[in-house]
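Take a look at the following structure, please.
For clarity, chains are labelled A, B, C and D in written order, and residue numbers in each chain start from 1.
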Amino acid sequence: MIRTEEMLLNVGPQHPSTHGVLRLLVKVDGERIVEAEPVIGYLHRGTEKLAEDLTYTQIIPYTDRMDYLSAMTNNYAIVHATEKMMGLEIPERAEFLRVIVMELNRIASHLVWMGTYLLDIGAMSPFLYAFRDREQILDLFNELCGARLTYNYMRVGGVKWDAPSGWIGKVDHFVTYLQKQMKEYHQLVTGNEIFMQRTKGIGVYDQETAISFALSGANLRVTGLNWDLRKDSPYSIYEKFTFEVPVGEAGDLYQKYLCRMREIDESLKIVAQAVDDFPAEGKIMGKVPRVLRVPEGEVYVGIESPRGELGCHIVSKGKDKPWRLKFRRPSFYNLQILPTLLKDENISNLVAILGGIDIVLGEVDG
Amino acid sequence: MLGLMKGLNVTLKNMVKPKVTYNYPKEPLKMPDRFRGIQYFDPDKCIVCNQCVRVCPTDCISLTGKKNPDPEQKGKVIDTYDINFEICILCDLCTEVCPTEAVVMTNNFELSTYSRDELFKNREWLFANDENIRSENTLNPLPAKKPKGGSPS
Amino acid sequence: MDALLLYLGPVILLFIVLGFVTYAILAERKVIGWIQGRIGPNQVGPWGLLQTVADILKLLIKEDTIPKNADRSLFKLAPILAFVPSFAVLAVMPFSSRIQFANIGVGLLYYMAISSITTIGILIGGWASNNKYALLGGMRSAAQMISYEIPLVLSVVGIVLTVGSLNLNEIVAAQQKTWFVFPQIIGFVVFIIASVSELNRTPFDLPEAESELVAGYHVEYSGFRFAFFMLAEYVYIFAMSSLTTVLFLGGWNAPFGLTFLPGIVWFIIKFALVVFFLYWVRATMPRIRVDQLMQFAWKVLLPLALANIVITTLLKEVPFFTLYY
Amino acid sequence: MSEEDKKPPVRPKPAAKKVVDEKALPPSPKQPVVDDLVTQLKGKLGERAVLEGYINQPNDHLPTLIISQEKWIDVLSILKNEPDLHFTYLQNASAIDYETHLEVVFHLHDLNRKERVAVKVKLDREQAVLPSASHLFAAANWNEREMYDLMGIHFTGHPELKRILLPDEWVGHPLRKDYVALDKEV
C-alpha cells in the first residue's frame, strides 16, 4: 500500500459542526482519520469554584448556564441534592410543575439535537422545523418563569412561580401539536435513504465499552441497556407516570437518532399524564427556612438529563454555602469516547459521530 | 427513493404554510408579564435593607444609603443605586427578595449600546425605566404593609 | 448590423446571465426561506429585491486579501478559470429557434468538454489557498466531478443515438412530438442526479460541505474573487438547467400544442421549473458521504447509463418503439 | 474559612459520618451490605485495606468505604472485577479539599443489581499522589485529568496527565481552598 503523508487538521474551536467551542486535533491521512484528540476548556467558567462562595439559591442561576439547552434539569439537580440533604418535603403541585417543565425541556433539547444533527449531516430544513417547534416550548417557559433559556425556575423546596392561568391548557395543546409534528419529522428524516446511509452502522460501540466510558442517556441505551434514572432510581414523582425507556440494539447513529426521537414521544406521554393529573390547587413552596443551612454531610444524586446522568455532589460543612460542589456533567463523560470512535473513520463521519454524542460545550467545560 | 420523495413532499407542504418569523425590530416583541427584563427602581420605596445586594449572584448591584433628611423619620433613604448590566444576568433574585418592591422587573430587554460604560445604569436611569413593569414581583413581602404581595401560592 | 450583433450579442447575454444570477440567488433564498417557515430577505428594496445587489456591492468594496503563504498567481487565476468555462458553454445553447450564438455540429460535446475545465479552477483554488480545508475540498471536487462526468455524458448518449446528431438544435427539433424525458426516463434520472452533482449542490455539495469543511475550496477567498466562484456556480445552474430543458424537456417546443405562447416563454417556464427543483432538493436532502458518493457514481449510475444505451439501441429496432427512439 | 483554621482536628473525620453519629439515626437497612463489603475486602487485601465502612444515610443509604491509599487500585479492581460485586460503572468522581487533607471519591454503580457504593481515599495535601484507575475505568481518564487540573492530585501511571479545562500554562489548582487567584477582579 502506498503511504501518504499525514496531515494535522485543526477542527475548531471555531468550526460550524463542533457545537460551540470544542477543538479537535485530527491527524488525517487523506480523508481517513488516524487519530483525534479533543481539546476542551474553552468555555470553562469555574462554576464549581464560584459555587463555593455562593449560597444555594445563588447557585441556581449558575446551573442554568451549564447545559444551556436543558436548564430546567440542571436547576433540578442542584435543588434536588440540596433538598435531599435537608430532608425537605416538596408539595405535590410543585413536583408536578417540575416534572412538566423538565420533560418539556427534554423535548426542547432533543429537538435542537435533531435539528443540529441533520444540519451537520447537511440537511437544512429539519433544523428550522425543529427550532420552530422548540420555540413553542420556549414561549411556554417564558410565560411561566420569564426567561427563554436561563430559567432560574426551581427553588430549594419548590418552584418559584405557579402556573399562570391557562398555562396547563397550553401545554396540553402543545402536546397534541407536537405529536402531529413528530409524524412529519419521521416522514422528512427517518425514512430518508441518504440519512440512513449516513448513519446506519456508523459509530458503533458495544455495551461493555459504553459502561467502561460511563456513558449515559441515549448514548448508553443505544447499546441495548435499559438504563434510565427516572426508572432505575426514581426521583421526584416519576413513579406516578407510565412511560417506556427506548432502547436501541445496534449501537449505531441511526439507533441513537431513533432512541432520541422515541424519547420525545415518551416525554410527551409523561407531560400528557402530568397535565391530566395536575392538582387543582396546592402550595408550590414547601416549608423552607429563610436562610438555607444544609446540615453537615455529603450527598450525590444523579438525575436523567436529556444528555444522560446529571449528577450533583454536594459536600457541606453546615454553612449556607456548599463546601464543595461537583457536577457530574454527562457531556463531559460522553465526549471521552470520541477518540476511540473516530479512529479510522472518514472525515465526513467525524461530524456525524460527534453530533451523535450530543454534547453541550457549556456542560463539557463546566 | 420513496423516503426522499416523502421528504420532498413534506418540504413542499411546508412552503405554503404560514410563516413563523417575527418582524422584529420593526414590530416590538410582546413579552409575557413574567418576563425578566431590565429592572425598574423606585427610590421612594427603597428602605436600604441591602438584601438585593447580598442575594445578587454576580455582585452587580451596588447601593449607598444616607440618613433620612426628614428628622421625624427613622432609618435611611437611598442615595445611590447602580446596576452593572455588563454582569447582571437578570436572574430575578433581587426582585424576589426586595420586601417593598422597590426594585422590580420590567418587560424591556433592549440593552445594546456602543460602549460598555453605558451599561452601568444608575438610580436615575433605572427610575426612568418605568414602562411595562411586571405585576408580580416579590416573594418576600413586608409582613404588615403588604398582606398579599406577589406570593404566587 | 450582423457584425454589431456578433459583438453586442454576447454582451447582452452576459448581462442577462448576471441578472439571472442576481435573482437566482434571491429566489433561492426566498424559496428555501418559505420552505423553512421563514420569509427570506425582505429588508433591501421591496420584497428584498435589491438584496443580492447589496451583497455584490459589499463583496466588491471588500478588501482583497490573499493569504500570506498562498501561491499568489494561481490563487488569482483560479476564480477566472472557474468562471470562464461556465459562460463559454452558453454559446451553444438554443434558447429558442432563433436565439442561439453558435449552432455547431458537436454542441453537446462542446458543452461537456468545456464545463470540465471548471474542475481545474476549483482544484487550483483549493490547492493555492494553502489551507487544509480548501485542499480537502479541492480534492473532493476533482474526484467528484471526474466521477460524475462519465454517467452524465453516458446518460445523454441515448438521445444522441435517437436523434443521430450532437447538434442541440436538432435535438430540440426531434422532440416536437415527444419529449425525451419519457422514452429516455432512465437517462433523465441519471442525468438529473449527475448534473446536481456536477453543480456541487446538495445532496452532493461535498467540495464546500460547510458542516465538515467550513467552506471547502473557497474558504480563503473573499471579496471579488469569492464572488467569481459564486458567479460560476450560479451560471452553471443557468447552463445546466438550460441543457436539461433542451435535452429532455423539449426546449422551446410548446407542450400539448399550446403554441399561443412564443417558444422562448416555454423555454423560460421549463427552465424555471428545473431551477426550482434544484432549490427544492437543496432544502430537503442531507449530504451524501464522500465514499458513498463515489460508489454511487461507479456502481449505480454508470451501469444504469450503460443499460440505457443498450435499451435505446435495442428498442430502436423494435417496430412500435422506433417511433420514439 | 477562618473558623476551621482555629480548631485543628487531630484526626480528620469524614464529614458524613458525623451526621450519622450526632443524630443517632436508626440502623440502616443497607448496613449488612457495607459490612459484607468490608469483610470481603479485608479478607482479600488485609486488615489495613479498608479504614472505615459506613452508610451515608441522607444519600439514600449509600454504602461508603474509606480505603487506604496503598490499596486504592486493588480495591477498585476487586469492586469492578468480582462477579458478585461487578461495580463496572463509574458514576462520578470527585475530589474534595478538606483543608486538612484531600479526598477522592468514586461513586461506583452496578447497573445490573442497581447497587451503588462510594469509595473514598484520603490524601496528603502536600503530596497528593494516587495511582491512576484509568486502565480499570475508561471514564476515569478525563476525570483524573480534571482532578489533577483543578485539585492538583497526581495520578501515577496515567496515560496523559495534563491540564484539561485550564490552559497548560496555568499556575495553581483552583479548587484548592488556599488557591489565590492572580487577578482579584476575575
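The rule is short, and it goes like this: a contact is a pair of C-beta atoms (placed from the backbone, for glycine too) under 8 Å apart; a residue touches a chain by one contact, two chains touch by 3 or more.
A quick note: this is a predicted structure, and the numbers were derived from the prediction, not measured.
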| item | value |
| --- | --- |
| Chain pair showing more contacts of the two, B-C and A-D | A-D |
| Far-end chain from chain A, centres as C-alpha averages | C |
| Computed distance of Cα centres, chain C from chain B, in Å | 54 |
| Inter-chain centre distance, chain A versus chain B - centres from mean C-alpha coordinates, in Å | 28 |
| Separation of chain A from chain C, taking each centre as the mean of its C-alpha atoms, in whole Å | 43 |
| In chain D, residues with contacts to at least two other chains | none |
| Overlap residues in chain C, where contacts from two or more other chains coincide | 35-38, 283-285 |
| Residues within chain A bordering two or more other chains | 125, 129, 132, 188, 192, 194-195 |
| Touching pairs - complete list by chain label | A-B, A-C, A-D, B-C |
| Chain B partner contacts - residues on chain A that touch it in the complex | 54-55, 57-59, 61-62, 125, 129, 132, 135, 142-147, 150, 152, 160-162, 164, 184, 187-196, 283-285 |
| Of all residues in chain C, those that touch chain A in their complex | 32, 35-38, 132-133, 136, 140, 202-203, 205-206, 209-214, 282-292 |
| Complex contacts: residues of chain A adjacent to chain D | 40-41, 44, 46, 48-49, 84-85, 87, 209, 211-214, 225, 227, 232-233, 295-302, 309, 311, 313, 315-317, 323-324, 326, 328, 332-333, 335-337, 365-366 |
| Chain B-touching residues of chain C, taken from the complex the two chains share | 31, 34-39, 280-281, 283-285 |
| Partner chain A, residues of chain D touching it in the complex | 4, 15-16, 18-19, 56, 58-60, 62, 88-92, 94, 96-97, 105, 107, 111, 114, 118, 137-139, 141-142, 146, 150, 163-167, 174-175 |
